[in-house]
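Notes follow once the structure below has been shown.
Each chain gets a letter, A, B and C, in the order it is written, and its residues are counted from 1.
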């Protein structure tokens, strides 16, 4: 009976840990996404500045 | 239950009549009533008898380890699985990998990729061979399982079983196919060899996708019963029966390309009979199966 | 002794849950960041389009 309880507990822990570990994967995924989005914002800003300069030159 | 293996074994053939089926269902119900499910007995049952459709999903979930053997933990474990799926699903929406219009099977693929750390950097669907197998299996499973979350776990565990447990056996199946075909119909084998068709049979569809997209779901699930409970060898016998069933047609074709094309799109009207005969043939060659791979 | 095993199992589950909650908090924080960055990218793009139009008009 004791063995049974142990096995049961270990199955439960496994299921819970699987779920929790996924959360870690998600955190890492979001980290990468944030870095890539920062890059995009910066790129768009650079483009913007260039266009602004063109406008100034044209005026 | 009276344990006369010979008698039980024979009952497979009386299943059609319905009478033996009732007895089998009762013996499965007794197995499922245990506080702690006996996985080995459940495997043996699924290998020998067709699973009654009302218990199929439950038995698959237990055999694939989605549910633990203890009844008492089923609620807790399933809650974990559900929440995990929801967390991943939500995360994929946040990074715009999936949206409302994304087809369900693609959602399953993305969830699986994120879980296994294989999510590509770009959401534009790259068609890796591996993904194609997943999508075919997912599409078939979706037809069999109503609940999305159950369906996801069944797909991912089934695919994992193919990639892990059967990793080494699956590449051997074409050789076994040739071996059993030579025993069953050497004339047909000679014809296929003369057309150089043996190297171009749809092995990917048969052995990697496990007939998903080849057989309709009602027939397919009876094959998957055997795969999930421990035998990927059944796939060989389904392939042999397909070849034997369409022998006349195949003998009339004389190019590997035409043969392959025909086999990739077989008529869907008597697939149930093909599967029944395949299971009989499998029992004939492999005996009463217990846990053979 | 059986009680011992049960208590130990529940402690393990608790510890895992605590860890999960931490990760979940981080993920939520990151999610807000991602949404705001998406907004920024869009804004910059809008600005860009406007500047481009100005350049075209000026030319």
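General remarks:
We adopt the following convention: a residue touches a chain if its C-beta (ideal position, glycine included) is under 8 Å from a C-beta of that chain, and two chains touch if they have at least 3 such contacts.
Each chain and its UniProt protein: B = TBC1 domain family member 7.
Being a predicted model, the structure only gives us computed values, none of them experimental.
Comparing chain pairs B-C and A-B by the number of C-beta pairs in contact, the larger count belongs to A-B.
Of all chains, the one whose Cα centroid sits at the greatest distance from that of chain B (TBC1 domain family member 7) is C. Mean C-alpha positions place chain A and chain C at a centre distance of 6 Å. Annotation: 35 Å between the Cα-based centres of chain A and chain B (TBC1 domain family member 7). For chain B (TBC1 domain family member 7), the set of residues that touch two or more other chains comprises 91, 94-95. The multi-chain contact residues of chain C, meaning those touching 2 or more other chains, are 27, 31, 34.
Note for the complex: chain A touches chain C at residues 1-2, 5-6, 9, 12-13, 16-17, 19-20, 23-24, 26-27, 30-31, 33-34, 37-38, 40-41, 44-45, 47-48, 51-52, 54-55, 58-59. Of all residues in chain B (TBC1 domain family member 7), only 36, 68-70, 72-73, 76-77, 80-81, 83-84, 87-88, 91, 94-95, 114-115, 117, 119 touch chain A in the complex they form. Of all residues in chain B (TBC1 domain family member 7), only 91, 94-95 touch chain C in the complex they form. Those residues of chain C whose C-beta lies close enough to touch chain B (TBC1 domain family member 7) in the complex are 27, 31, 34-35.
Residues of chain A touching chain B (TBC1 domain family member 7) in their complex: 4, 7-8, 11-12, 15-16, 18-19, 22-23, 25-26, 29-30, 33.
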